[in-house]
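Next come two complexes built around chain A: one with chain B, the other with chain C.
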Partner chain A sequence: MRPAEAIEKRGKFFARRLPRAGGGFLYRRLALWLTILQLSIQERIIYRGEFFLGALMRFLPIVTQILLWAAIFEAVGTVGRAEIQGYSYRQVVAYYLLTMISRAFSSMPGLASGIARDIRDGTIKKYLVQPVDLLGFLLLHRIAHKLVYYVMALGPFVLLFYLCQGFFDGWPAPEVMAAYVASLVLAFLLGFYLEATIGLIGFWFLEVSSLIFVFLLLSFFFSGHMFPLDMLPIPWREMVAVLPFQYLAYFPSAIFLGKVSGEDLWTGLAAQAIWTLVAFILARIVFRLGLRHYSGFGG
Partner chain B sequence: MAVVWTFARNSVIREMMFRTNFLVETLASMLWVGANIGFYLLIFQYTPSIGAGTGWGRYEFFIFLATSLMINSIVHTIFMPNADLLSERIRTGLLDFVLVKPMDTQLLVSFERLDLSTAGNFLVGVVLLLFSLAQLGWTPGLVPIALYLFYVLCGVAILYSFMFSLAATTVWLGRNQTLYDFWFYLTIFGRYPMEIYRGTLGTPLRLLFTYLLPILVVVNVPVRFLVRPLYPQSAADWLLPGFALLATLVCLWTCRRVFTAAIESYRSASS
Partner chain C sequence: MPTSAMIAIEAYGLTKHYRVYQKGEGLWASLRGLLRRRYRLIEAVCGIDLQVERGEFVAFLGPNGAGKTTTLKLLTGIITPTAGTARVLGHIPWRRENAYRRRFALVMGQKNQLWWDLPAADSFRLHQQIYGIERKQFERTRDELTALLGVRELLDRPVRELSLGERMKLELVAALLHRPEVLFLDEPTIGLDVVAQYNIQQFLKYYQEENRTTVILTSHYMKDVAALCRRVVVIVAGRIVYDGSLSGIVDRFSRYKVVTVVLGNGQPVPSLARFGELVSSQAPRVKIRVPRPQVTETIASILREHAVQDLSVEDPPLEEVIVEVFSQAACPQSTTRGEAPAENPATA
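Let's turn to the complex of A and B:
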């Protein structure tokens, strides 16, 4: 079924099912979103075999990381300490495993480079002439990808955490858990809008791949994916505190491990929400300005 | 040899056509290396060594890191683009044009292109190596240096064999993006000192990646000749280098066999 037909059909479906309170516009909007979501999901499950292999292999580096930290803490033990900046061996490994979940929410493979490519080769006109909003479409597309990813990665992740349960002290309290989930959702949105903004800079520069690379590198290093950010020495720690990257991996994991609690937790969540809002507005502004600058190359 | 030289010249000319791009790519890949070094600098703020009593102190480990950088840089500069090209040619049928050339096919497809953007990492590796040696206040003799260089080449040969065997399997598998990912994740295991592979999980891994898929000997063996605490002292210490040499020969031989078998099964696409 072609997308246009699908939207039409779904629109009628909702028009029948739901009370006619908000008028036809809302139904069509909802139908459009659902269709985009559904098409993206279908596109995603075509390559499930490759996905499973890929997911399994992505877990291999965990083994070396665990062994590396074990060796480090063994040596730390010889000088009479059991912790590094308040992290025990078990906590560092637990932290590392948790950042994998954070990154599963906040990393957006191919988003910025995809936008930049669409701008360069003119594919972006597709969104400009159709009554769909580019950023909205991409967000739904990404949500679909992530949903499929979570469903398929659930098995491997459950297995991984089952095998590694010795590194954890059990589940956190319900309100901490709620804050953790909220933080993950915000991490997803923040990651999306930050990376979309970088991609949209392609309106001004035709080649942004190196810019994207530097951005990814910064985000990888300063999001705390490789180590708990508490380990950074003072000037760096302060610098990282004013950057948005820590909310992509470090902050959710720190919530789960109880490293931020009480008032710090709520101010941290508020700061994350503000950063997300800032990134959202920034992406919108850059998109608007970019469109004004755009002259549509290519057929 | 003359042919290889011409290939290298052509690659340099091609890269220099887009000079800014080349510079930016080099810088980007050096930044990545910098981040990695930063991570270990941070680790050594808190720990005297990696593993208790292993001898991998800060500068010993940086020599390990430098060697790993140099070997990987050689492989990525020379062989990675060629392995890509080989897969692509098998898939599209363009390998026909290579097969008809009056020269050994494997030699031809192994050196045709250079990707110079990661070559900068080699220099970073050399600088890091010299700096760490100076910090240790230790000047190795000529024999250890010669052995070090020899085993660096062995390491390159082992990685080359793995990469080209995988690339050649395109003949049977059609498309193998997943295989490349596999290669990438496999090499991750070779980036750490052997000593960290211990315990119920580590020991089987060490045996697997030393004797079955000799990824661990690639960096571990040459470094042992340069770093004093691990410098071979008894006869038993020579077993590993001896094995590494054997492993290199077996890898190269296997790669050659896989490559020849692949060429024999190659039935050209399209045309």
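Let's turn to the complex of A and C:
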């Protein structure tokens, strides 16, 4: 089991202690992040088959949605002219297509349940023993997850939007486009920290799947995944306005469609950023309290 | 008395109690449990005092649920104690400072740290970054360790394709890349075949001797302990009942010696039974178990009354004694036995 040359070298080798790594703090951090990102990408690519299938499945509901709304508009009037709550048939379809993009950023399949599982089966101990931050690690892992997904889904998305270009009125202005992209990035971070928080509740309750279900249900209704939120009557719309969910799907799409503009756009973006910050702080607090509970309770 | 610079681990009155929710049986009890929860207190660790010097290789021995792993969790900072204090390398473990976490490693036989779907080489690279290991040093350490364990050619294969033994060896490499000053091993050879067990044992022995790393090992596998640790801490029901050398366990706990007598021709075998408990009797060889204080007297009587060809006195086998220690101490009433708590931990 010990090759001779290994034994020869061991004297020199074992005599020394490791010095700290070279480079500055920032450089080392960056190197760590890149490594996590790279490994996560490698890991995701192994399952590209499953991934590809998942990406394809996402396109199916949109077809049924388009057909459903076509029927609704048919019933109300003619598809060409009638408007429902300020949305024409074309705009509703465009909204759905854009919502798909929002969801591609803000949905976090398996994040909360994964955290809860790691807590339950003890994998979480790894992050307690090693000098590494769980939430930072998971964020990078998720970014990798998303990057791989975008690469996989890029082809189908381009094709779909090419086929459906008749539903759009062309590209928005550059500053609106920039706001749109910023809003998508914030939607990603908001979605991440909200779901991470749900998963971290697993520190107290071993089973969080029903909690995840409730969260996904709320998110489904109040994010605008099901219909444009400004179609809602006043009391509902007011409720939606004070919840963070609209920033996961509705808000980015509304920016792109020009439904929010001018000052509303910037205050909306600011609100989204504040919600993201709140979710970040919440996740951090829950994580800290959870660790305290976990290490006090039994590990 | 060792100076503080030589001490790697010290614990005083380390105690961990859990409250676990006690669920009754059946639907009715479950419903009632929703209203009023009943808890049971588990005293996993009750007042452990321990001092380990740098460079010691110590085994924690004890039956399942005795508190070995809980003690390990306390020392690695995974859990916080109910009472008592501990310092490892001068750090309070459960503060989980990065400065401490860079200086130790924990290997759990039943948990893997390596990425399941990726080659171990990738996980190693991540460890390099996490622990901030300079590249040349990292490569040298990795190459040395993989050569010693004979796993160099496994580095590029996805971990999930490897056998349990191969995986465990790579886990060890990953844990040692940052050259921890204290290494905690929780059942590192569990479930491995004899060859893998032996290889890992030999590696640990060699590595520890070369590096003088402080190692705490829990194992059910007595051969690990016998091969590696000069000092054994026996933990039963959350308490240290023995702290000393492995062979000392027999002196301390065994109340019997085994006397083997080979009788001369035609001697009646059963007559020996009155001297002690008959262990085996295959004429002309008879084994009896004799209480220690009566050994000399008994031998004298046997020699006086029988024609004896050969006679030997031995300690009972270590495993047997340990089983006895474990099972006796596991009964609550026997914890008050006179020989129980180790008030004066003797370092081997």
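Odds and ends about this structure:
Convention: the second predicted complex is superposed on the first by the 268 of 299 C-alpha atoms of A that agree within 3 Å, B and C clash if a C-alpha of one lies under 4 Å from a C-alpha of the other, contacts with A are read in each partner's own complex, and residues count from 1 in each chain.
In this text, a residue touches a chain if its C-beta (ideal position, glycine included) is under 8 Å from a C-beta of that chain, and two chains touch if they have at least 3 such contacts.
The structure displayed is predicted, hence computed values, not measured ones.
With both structures placed on the common chain, the touch criterion links A:T64 to chain B but leaves chain C unconnected.
Looking at the shared chain after the overlay, A:V242 reaches neither chain B nor chain C. By the touch criterion stated above, A:I234 is placed in contact with neither chain B nor chain C. Once the two complexes are overlaid on the shared chain, A:E74 sits against chain B while remaining clear of chain C. Within the superposed three-chain model, A:F213 lies in touch with chain B and out of touch with chain C [touch as defined at top]. In the superposed model, A:I36 makes contact with chain C only, not with chain B.
Chain A has no residue lying at the interface with chain B in one structure and with chain C in the other. Within the complex formed with chain C, the chain A residues making contact are 1-3, 5-6, 9-10, 13-14, 16-22, 28, 31-32, 35-36, 39, 42-43, 46-47, 122-123, 125-126, 128-132, 292, 294-299. Across the complex, chain C meets chain A through its residues 18, 20, 73, 76-80, 94, 96, 98, 101-102, 104-106, 108, 111, 113, 115, 117-118, 122-123, 125-126, 128-135, 137, 140-141, 144, 147-150, 178-179, 199, 202-203, 206, 210-211.
Of all the residues in chain A, the ones that touch chain B in their complex are 50, 53-54, 57-58, 60-61, 63-64, 66-68, 70-79, 84-85, 207, 210, 213-214, 217, 220-221, 226-227, 231-233.
Considering their complex, residues 21, 24-25, 27-28, 31-32, 35, 38-39, 42-43, 45-54, 177-178, 181-182, 185, 188-189, 191-192, 195-199, 201-202, 205 of chain B touch chain A.
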